[in-house]
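Encoded as structure tokens, the structure appears first; notes follow it.
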Amino acid sequence: MPAQSEVIAALDALWPPGRAEQWDAVGTVCGDPDAEVRRVLFAVDPVREVVDEAVELGADLLVTHHPLYLRGTTTVAASTFKGRVVHTLIKHDIGLHVAHTNADRADPGVSDALAGALDLRVTGPLVPDPDDPAGRRGLGRICELDEPETLAGFTARAAAALPATAQGIRVAGDPGRTVRTVAVCGGSGDSLFDDVRRAGVDVYLTADLRHHPASEAREQARARAAGADAAVPALVDAAHWATEWPWTEQAAAQLDEISDRHGWNLRTHVSRAVTDPWTAHAASDTRPADAPPTPITDIPGAPN
Amino acid sequence: MPAQSEVIAALDALWPPGRAEQWDAVGTVCGDPDAEVRRVLFAVDPVREVVDEAVELGADLLVTHHPLYLRGTTTVAASTFKGRVVHTLIKHDIGLHVAHTNADRADPGVSDALAGALDLRVTGPLVPDPDDPAGRRGLGRICELDEPETLAGFTARAAAALPATAQGIRVAGDPGRTVRTVAVCGGSGDSLFDDVRRAGVDVYLTADLRHHPASEAREQARARAAGADAAVPALVDAAHWATEWPWTEQAAAQLDEISDRHGWNLRTHVSRAVTDPWTAHAASDTRPADAPPTPITDIPGAPN
Amino acid sequence: MPAQSEVIAALDALWPPGRAEQWDAVGTVCGDPDAEVRRVLFAVDPVREVVDEAVELGADLLVTHHPLYLRGTTTVAASTFKGRVVHTLIKHDIGLHVAHTNADRADPGVSDALAGALDLRVTGPLVPDPDDPAGRRGLGRICELDEPETLAGFTARAAAALPATAQGIRVAGDPGRTVRTVAVCGGSGDSLFDDVRRAGVDVYLTADLRHHPASEAREQARARAAGADAAVPALVDAAHWATEWPWTEQAAAQLDEISDRHGWNLRTHVSRAVTDPWTAHAASDTRPADAPPTPITDIPGAPN
Amino acid sequence: MPAQSEVIAALDALWPPGRAEQWDAVGTVCGDPDAEVRRVLFAVDPVREVVDEAVELGADLLVTHHPLYLRGTTTVAASTFKGRVVHTLIKHDIGLHVAHTNADRADPGVSDALAGALDLRVTGPLVPDPDDPAGRRGLGRICELDEPETLAGFTARAAAALPATAQGIRVAGDPGRTVRTVAVCGGSGDSLFDDVRRAGVDVYLTADLRHHPASEAREQARARAAGADAAVPALVDAAHWATEWPWTEQAAAQLDEISDRHGWNLRTHVSRAVTDPWTAHAASDTRPADAPPTPITDIPGAPN
Amino acid sequence: MPAQSEVIAALDALWPPGRAEQWDAVGTVCGDPDAEVRRVLFAVDPVREVVDEAVELGADLLVTHHPLYLRGTTTVAASTFKGRVVHTLIKHDIGLHVAHTNADRADPGVSDALAGALDLRVTGPLVPDPDDPAGRRGLGRICELDEPETLAGFTARAAAALPATAQGIRVAGDPGRTVRTVAVCGGSGDSLFDDVRRAGVDVYLTADLRHHPASEAREQARARAAGADAAVPALVDAAHWATEWPWTEQAAAQLDEISDRHGWNLRTHVSRAVTDPWTAHAASDTRPADAPPTPITDIPGAPN
Amino acid sequence: MPAQSEVIAALDALWPPGRAEQWDAVGTVCGDPDAEVRRVLFAVDPVREVVDEAVELGADLLVTHHPLYLRGTTTVAASTFKGRVVHTLIKHDIGLHVAHTNADRADPGVSDALAGALDLRVTGPLVPDPDDPAGRRGLGRICELDEPETLAGFTARAAAALPATAQGIRVAGDPGRTVRTVAVCGGSGDSLFDDVRRAGVDVYLTADLRHHPASEAREQARARAAGADAAVPALVDAAHWATEWPWTEQAAAQLDEISDRHGWNLRTHVSRAVTDPWTAHAASDTRPADAPPTPITDIPGAPN
């Protein structure tokens, strides 16, 4: 069985830490490099529910997309939820390793997995990495549909393909407009609106869009389009977690392949815990809305 | 009829510009101080649809909550949507005046209007203004319900009371938990989580919450509560626009009262344009979700 | 007739905005890209007097050297003089376009026009642009005189050649020293003293020199020269406006040539308004100076 | 005879160093605190000509208004003019002491001396020092004329009263307007335009005004005055050195008084060297201006 | 038995975290607030040797003076020595709590313990805390000797009283000078030279003095003293660890007293591990120095 | 005889100022470039004792390794020790020139002289200068011993070879471990621990190591070595002055060679003043340490 340091070296080859953003904090958060690794759990968020799953599973290593500590800490005392995570992991000999923006920019990366889940054909990165002569690495992906469909159809496809969440999917745009090209960006994508505009796509699918960036992007696109509504990209906003979850399956498969190659005999798992914080959604499209929201704490269609 | 400068002096008395945040940009964006004012339109966002409404209405002054330029610009060329807004307003002799964080902190302020729309009894500000000896000004409001109700019930009330939007309302928490106290904050409220925790309320209703702040607030509250779920405040997240729209009605009423007092004979109007950027929502709670999203470009229950 | 956007594209080709200094604010300040352009007025300063001239002239576009807003603004309210400028321009459908440090560094640029007005032969830039393989672009110009003359003679030439201003010209140096080479820099030139020293010229002609930079440059040059006064460059300081005005004629001629080439049939004009703020000068060379200063509000020799 | 340290203690009592601006560099630049002081020379600028005068005079202490080093240096090598000043002073046992913005803000200060030279009656500071309960200290001074006069008359008075310089005096304003109140500020005064506006004076007399601040102040005042030209303050701009020279006489008199009180028997001197860098001025009010500029290297009316 | 949170509350009352320097990182580094505490170990440095001692001792809490993480970290992976410390502590259920500059400033504080070890009479803090009306808290301490002695005698006293270290003690000053007053500062004291000078003491005893601060302090004091050598404070520099170790005994005694008061029945221990990094010293006072340095890995007189 | 400027040009060729660190302040501090130079004194520190030696010697130029002013000053008043140094030097026509980090990085540089004094064979720089294709310039040096010896033996060699100081030498490491390779860095070397680790040497000899860097470097190396103590580099810490003094002899020899080449007939001298601030050392290895420290103000073995 491989040592933790060997497994991590393999993960770092997939997602080189040096390709993360300057402000990011990727790499190993806790764990002993000499410990043996048999079971690895992949998840989006290093939160208590996921850590408890790792403990129950008997995992030796937890690999998450989101950092536990994005900014430096001087304490891991168990009085904070993050310190409690550290205590639980160390007490149970579980390492924690993070691949965040280095996984976003990788080939394949987070947005490739997202495009794959949506059955889109990737034609290249949305923001190409200048250091990649092959032109495949970078943030986001530009994709094509095999057959054009309406925005309503594309939204239905996304709702069906992404793991279920209580918050669902928000859409901005004419439901009848034709969609041929899509830019996708797993996670918060509001910093890439300029790149989306330059890409000239029909739809931008991402997460966590707030009022002001979304409103300004729409208004600016309308001003440029000067009446040609087809030139204004529609927006599709899904749960942050849901847009990144497909990467955990992709990453697990990548490690499986490495394990086979080295004869490591690793057992890899993908967490199905829905760590999107929202647990219910209520429509607000008529004034007298007496029906209570549908609680969705146990989502049947969550990633299986 | 009053000059624009007289009307603005009255608005500045309601929402003194000096009480805005340092980073904010409030006050008059365009217009001639000597122009006469007969009609005033109130709205949340200074976007094209609202400006067109002002033109059709023959308004002389448009008062919005959101700044047109939050950061300084060196151009108002009509090639940008904001420059087009300036051109249209100046060509039609319409002034634009902004009351943003100065209206948030006022008494009554944006969150008072929000609490009023929800039929909540305000007991004080969430973040009191240290310069207000009366203890009424500040960001957000802490409220009490006349009768306790479940989180499901409270959510239904919010969905019914707030102006309709396509995106609806997101909820995090046990639908059956009892709600007695609520913190509300119109607009983006993710910077006030520490204050919410200190206030010890049952629910926090605000807008534009993103994955990381919402997730961390929930996890941290759970770590502190140590199993006592009732001590973890639920989150209710509505459309940014919908949480601030009630203020436009409140503000128009305040100016009506001033107009009567001075004999100005002003005509005030409240824009009913839904400037939330999202136009449809799709549930994503089962994997095979074939139904297309419901387009909601024309919302019957929008603010009347 | 061309659209504003076509004319501006032609101007941007002459003075590419990307070559302006980082801190500068060049480009279109107001106006509609789709408006037709028949008349263009060139001037140094976008001040009220110039704007009124544009209105009277029926101009569609005003091109100035100085930005209206060098730092960003969040308001163009007509209560400020700059906001009033914006209102007047938009109400009269006049665009405003600025070419500032991009025009300074161009070939030909502001200092070429200045050298031309003084009948000097340009040998190259004072601060060459490292990106110009031809070695012609950059700040300031180094020039040669066809025939050596005294500093007194050179000053007289400058006084005669530059457009008349009330403030006149200040000189530092021995009036009898010989002048063979001159560095010129239109506008405020006190940041280029090190370059002037390296150039080894006899005279530096620029504008807006203040006590400390001028005094330190003179003292430092004297310390280096160690008695060889000829090695200390003389200074000639003219009105800021006067050193930049020749560029407006040069720029108008450049646009005329473009207009002819495209068959645009543009009418170009050069403003003769003296926007130097000083309107009179009083000698102060004897204690009892009873004569009042000569008011020069109407200068006969102003640029025709 | 007093030690240098005793004389400097007396000067520091007149102009406490702690009242200088944060960015300023006042106090003793070189000299031995234990050296005896017999002769003290006062001047505006610590330049070579003044230092040579101190050497010839046999001075033990030179007191200047301008710092030798405003920003810190790591070298006083004699290859720079400032290092040469240090070498000359130390070789001749002459101390150098600077009173800059602490003298500006003092009571009496630099602008009191300027007002006195102009025979104006000071009514208070232009920017009062908040720490002075008497309301007399601060930057600039607001003054009244005993009898109203025209701007032309006031300019003639300034030209006659200030020490002669080649550059003379620049004026912006209607020569016939009436002058009753004047703000004065010795040295560069372009940062005080807002205070001048608030003071509502008829004229602002200062030095070193550049094109942009002067132009903007004039334009802004005109926009506010809305046609009432009398409400636009005129500007009078003299040589920087000339506006500060009167302070050297005032300061010498202050030290004389102290010397008498202590029986120190000091000899105080005031430098008459004209350290304004400009040595000639040429009018530029007609195009054909053949006359050479008048060299003014030896100015008969220089401070006697 | 008390919970860790109760013991820490008691320690925080002794050394309130809010009194630490802004840049410091004090408080609990790891551990579970609900764990029971029976044994507490006090030490200067949270290094491996000390952590191993805590494990062998069966301690539940380790209290150190130095922070484990002074700057924030995003990883506690066991591949670093600090991460290994965290892993070992958490695996053995040992909490780590730090009292650093809050202990320095306390009453009694680190320098009180140092003065006590040296048998000096404290008269007050070297840098008084402005928020302490009693004038007892602050950095460093000013002390008096009961009987004057020579610097040589004082040095011998320090060498005998402080815990033994291989590096010994460095002295700067005349061995025969009389010592009546002493400033002491446990740990690195080179930022307090100005305060030492103002205190006018005969000796400054601290640690970790480097060449430049020590040299400059000596030179500056000599320049001020002008030959009066008695006015130049001598310097005594001991091992950083040795100057802070006395605090661990003092702190343990304080916790014992609290334990007795609450009936907690705690067992407190003081680490005797010499964590000064230096293990040998070689004299260098003659050129031919053939004798090898004396290894002092096992120091007989180390704190017992 | 050469002018100061000629001698300095030669020194600048040895140690180009452009190769100093950004934060450093090298070059000429005072002196007249035209003065003739006959005698040059080399020393480590520009302190009073050294300056007095230069005066007594009749030196025309003092060359030191340490800057007088590392940060900029606005005063050289003789009330400070540094200002007194400037006054003394200028009064006696002695120039001061500094070669600091430019001498550190040179070939040969400060650490070459240190290695030479220790009879070590240099194999290359510890931190190579990326701009030196020959790979010889840079900070520190990596060295080999001709014959392996124990750490105790190496320490004895260092104690014998370096100029004598009262503080002696501190050692961290097993005295019996074998030493084959050594990294040396004259002056404070605590910023180079990472480079030392990468170099994999047996010993790091430098100066001015403080508790925290030394302790962390040792702990981190132990954590990496995982029991293999031979992989943990030992530390040898000598007096800052002693590690840099050998450079003064090397530099004087370099200038002698240049003087011979040019026929300048310079007399060069090396200061033997021990400017290490420490004058005595007391062992602290047993509790009852009654013997007074040995005063070493006159060190027989000081550099002769």
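General observations
Order as written gives the chain letters A, B, C, D, E and F; numbering starts at 1 within each chain.
Methods note: contacts are C-beta pairs under 8 Å (C-beta built on N, C-alpha and C of every residue); 3 or more make two chains touch, one makes a residue touch a chain.
Chain identities (UniProt): A, B, C, D, E, F = GTP cyclohydrolase 1 type 2 homolog.
Source: prediction; values computed, not measured.
Under the contact definition stated at the top, no chain borders both chain A and chain E.
Remark: rotation between chain C and chain E after Cα superposition is 180° (nearest 5).
Chain centre most remote from that of chain B: F (centre = mean of CA atoms). The chain pair with more C-beta contacts between its two chains, of D-F and A-B, is A-B. More than half of the residue-numbered contact pairs at C-D reappear in one of the options B-C, A-B or A-E, namely A-B. Averaged Cα coordinates give chain E a centre that lies 30 Å from the centre of chain F.
In whole angstrom, the spacing between the mean C-alpha positions of chain B and chain E is 55. Between chain A and chain D, the centres computed from C-alpha atoms are 66 Å apart. The set of chain A residues touching two or more other chains comprises 79. Taken as a graph of touching chains, this assembly forms a single closed ring in which every chain touches exactly two others.
All chains form one closed ring of contacts, and listing them from chain A in the direction of chain E gives A, E, F, D, C, B. Across the complex, chain E meets chain F through its residues 45, 47-48, 66, 79-81, 84, 150, 152-153, 155-156, 158-160, 162, 164-175, 188, 207-212, 214-216, 218-220, 222-223, 235, 237-242, 275-297, 299-301. Residue ranges of chain D in contact with chain F, taken from their complex: 5, 25, 27-33, 67-79, 83, 86-87, 90-91, 95.
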